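Every chain is named by a letter (A, B, C and D) in the order it is written, and numbering of its residues begins at 1.
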């Protein structure tokens, strides 16, 4: 690639993993720790080459557990940090995703989903990790998960993921799939100065008064980093505003865990993003995310051509779940069609939001994702 | 190693022709033995063709006489009845050899140490005993055979024990001659007494200034390995081939120490410095004095707070930039192979606190001459200012009291310590130098200013106004208020009483043998005189040699001396050791085993008991091989052999039996037959003689090299021939000169006791005594104890014993 | 060197032996007894009083024996004891 | 004597709010903490640049007790977290204080790899031979035949020889002391804090209330007495021969070598790459 040390700008033909990596750099990520795994490996490979050019750190750890731990460490040491993996590695990372949530460490975890369970189908796409994204680590917590459907979005949403993680102090999950990861497309990258970059809030009190987990009104505490002289303590144990363990106080537990959920759910309106296509007069709406949304779109177009008033609601934010958006649309339509590359995960959230509106679920596993015709078929049946 | 050739009896040309010489040794022997009668008696003994008595047989005329007689009277055996063979056997053997007579055809009867000196007041009994001793010697002589001596190589390395000026000099001389030297010093630094003295007489040189360069030479010399804070723990082997073990006590500080002293500064422990006789303080980590060699500091673990591996205090470790401190250093044992040993262990100073009338230890202003040396020394606690302890003031009037612990049968030692007079004179002048108007009194018995330049110094002192008063004070009293001292006594020149008031009194203490010299004596099988100093092989002719081959003396270990004499003797000792090592080989006495293959049943007992593994068993040919060079010559194998297939040359069964028979021919029932080993009990008996310890004259000593040589049949034969009692004596277990041969002795005696008890014989009649060369008293006491036993033995008991042991009379 | 030492060092006074001031934070003590056991000068013993944690803290037998090695401070798991050099010593004298 | 509640000289290194600590009477963890802050005090370490990281277990509370930036990670992950910290900001002095179970059972993989990379982290491991916090279960360092709540018939697992493991894994400094060797331990910690690269110090600590109770050493003094009896200082002896047995605890320094640390090498590489790049641009 030409123009070393310069951020990539302009139009390029890239694959999704590379676009993601470039997005990370563009977002100001300067630390990557990971472990090779198909189909996410290209992200690591690309960053191992690019990170040094920006004075950033690339390290391959001994496993995904360590990678996630290292990412949290780097984050606390003041860097924007990320790791990338796929299902099996994502499972291993859950332990420390929980730690990142508990210690409110801003960072990004990319999961290029493949077929599971277990080792499953490394080279084939899937959407089987979306529930793990929400509930993968033990305990209650709010999380943010984004779902790109194109190489362009792999770039854009990676930047977005960092901005959200810095804003809300938590790990943000980018839930791509094998197809967006390995697909080659044209990507247009705006000039560096036009890319929005958010940095974590810093404390504005003298170090003596600093309490590392004392939230502002937005429920997010300002974050000091190691070496800045604040001498603060952070712990995976339930803790008070000072970060000191409170292992036997239910008050402390309630206060902390509620806030960890609330800072996300309470800010859902600011966080959630969806794409709405031809919804104004729609009788049938297809709700989809990731690569499946692209087949859905063409299915909707075909339906319109065939005189069916179909529309598309594409979920860009998976978590927090775009409940309002689904509910509003559900009121005005006869039915909802939901294709997913799993045995039915996010569809349950859709059903919950859609209330009485019937939801037709179209499940697909393995090599080939949904075709427009398959989705069109369901749309027809739903009329 | 050459194998011993099989033994074929050398046909003796003609009948034995024995010449006997009874020595008067001035009055030493003649004083309590009628030598004339003894020689007359000798003339009547078989094979004796000539017997005479003369005043000093060891004198040149004496020796010439013997040589002449050998030629004129065709003597083929010579017996001298005089002092201990440990003293003069070599002299007479040499004389014989000069006259062409093989030296193994000479025999000695010890009628001085073992007779005249121990029976001073019973001329008749002493004379009778002397006759017996001569008779035994003659009997053995008749059976003596010529022998050739084997040669053993000498290791060209030397061990010097003691790092005082004598040891330093000896080590340097040997190393400069080109021999590897190990210098072992038990203190943390070499330097010894001389390092503690301020000035030397008569030249008044600064002592440490002239010693320090020599000390550092030792430290740097390629040829010298310095082992300080170490003690010799084991000595094995013999002349030319000693194996030494040295215990190296840990210093807890490694060689990396730069002697910067930062460690001592932070050490919380404060203690009196032994080097300054406690007049100055030191810390738990310290260097005894500025010029110490090695300069490496040392931790006194008795004082250090860090015990049993718990490092409570690490102040010194932290202060040490070179990281040289190791609290967990462990003792090590160095193993050395040397050919010669120089003993330079020095002397102690007399402790005057045993003399109540001088108040030392109670009266602050009474100090010893050694303490004075530290006081007047610029490197000492008062930086050379003569202060009196009570009030740290410079004394105006000082008294020196001479002969404290010397030349007194009541208080301390009988002998003169040689150095105290001149040391006091030197000290008095030192005071006059710095504080000319100090009044100085010296109370003396005699002033002995015998050496070169000594008299001049004495004159100078008197000129300088030092008052010499003949007559020691009878007591020293203190004025409680001023702590001044009142000395009262008699001025024996003016024969008038004096009562003199001084500010400070210095006790001129004598020198005495080291507390630990008995240990050195045991390790090296040496002898000491009654004063406890090591005994030289000959006071005139071999003044620096020990009786034990390959060992030499230097400095005060052998007797009190000043620096000059110590250095002289050290160089002499070095030269003597050098001569041995230059030769590179030494002949060993022909006292190795003789095997009779025809009798040997290859049972292997001898192989088992040999302490040197010098015998190998050749099962195939049912025979044994004796490796002569490896043989130590104890004769245990000969004693052990049940078939008489082994004997020890020059101590053959026949020879020993002939001695037994000779003693038991008459009045056996009144006599004790004693077997003494050459190194310990025989030397012990000699010491009893040298010390004039009196004991009953009923004992007859037969010398063997080792008690291990004493076969059961010898004891049995003595009883079978009606002896009242038998004594088997040797070195203490563990101190055996032949490694462990005396354990066999113990086994045999126990067997005999069993046999005696089984046959209703009193076991008291057979005594087993361990006595070292230093234990003359122990030996004498045992003989005294035996008197009643001997007297109580009834004729019936004698007869019974004869029966029980009659088998022993059959000589195979 | 075998001479028996009879006189006190003359320069004994020249070196100043620092005096210790031992501080016990009794209520922090958990009573492990390490200070008592390992003090090379045996300055401490168990006291009879019961502290806030219900254990017997050490008490000082003889502070003057302390040589300020501060091992008690170093080995105390509970930061309940420390030793400083007594400053006011000189003033007391004069 | 002076009775007092005035400040302990090391008070400023501790989070007063969290003291007294949770450790049992006679527990060696307090001594480890004491020696650690003692070393900081002697070195006058810049506390603003110090990060203390702990895992899970009794000693894991150390991070909370030291008054510096500190982080209490998930079980076994202290070293992985610390690696991230050290790489992200090499100017920080990163110290991991944790236990034998945390570092060598669940965290064993992270340990050998951090050591292999020579990551600039200083590890102090309190080895109490069992899992104290969960009530005394058998662990990777439990001596053969020792009794624990999960080896009630005597342990049949061969324990790790930690100093041997650390040396073999590539640590540049390896030492072992017992809680009785406070002076040497403090010096070792100082040394480690002044060295570049991965340093490992094992501290054999008394656990009288749990391990001791099951193994006939009911008081801290009894356990300390064992250390006193059994330990022998053999510095720079072969760590392979430094197994711990009831009669022998070999202590001392075992490794002290110089080797470029991972973060140094990495940041050197980075600057090389960029210099080359600059030339290309021209």
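As a convention for this text, a residue touches a chain if its C-beta (ideal position, glycine included) is under 8 Å from a C-beta of that chain, and two chains touch if they have at least 3 such contacts.
The structure displayed is predicted, hence computed values, not measured ones.
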Contact-richer chain pair [B-C vs B-D]: B-C
Would you mind checking which chain's mean C-alpha position lies nearest the centre of all protein C-alpha atoms? D
Gap in Å, rounded to a whole number, between the CA centres of chain C and chain A: 63
Between chain B and chain C, what distance separates the C-alpha centroids? Give it in angstrom. 51
Distance between the CA centroids of chain B and chain D (whole Å) is 61
Between chain C and chain D, centroid-to-centroid distance (C-alpha), Å: 30
Can you list the residues of chain C that touch 2 or more other chains? 38, 71
Shared interface positions of chain D, touching two or more other chains: 180, 182-183
In their shared complex, at which residues does chain A touch chain D? 4-5, 30-31, 33, 52-53, 55, 57, 59, 61-63, 65-67, 69-79, 81, 95-96, 98-99, 103, 226-237, 242, 244-245
Partner chain C, residues of chain B touching it in the complex: 187, 268-270, 272-281, 305-307, 310, 312-313, 315, 348-349, 351, 353, 360-361, 364, 367-368, 370-371, 375, 381-382, 387, 389, 392, 514-515
Touching chain D in the complex: which residues of chain B? 308-314, 317-318, 327-328
Parts of chain D lying in touch with chain C, wherever the complex brings them together: 1-6, 8-11, 14, 19-21, 23-31, 33-35, 38, 179-180, 182-183, 186, 219-221, 224
Of all residues in chain D, those that touch chain A in their complex: 15, 17-18, 47-49, 51, 53, 61, 63-64, 67-74, 77, 80-89, 91-92, 109-110, 113, 266, 269-270, 273-274, 277, 280-281
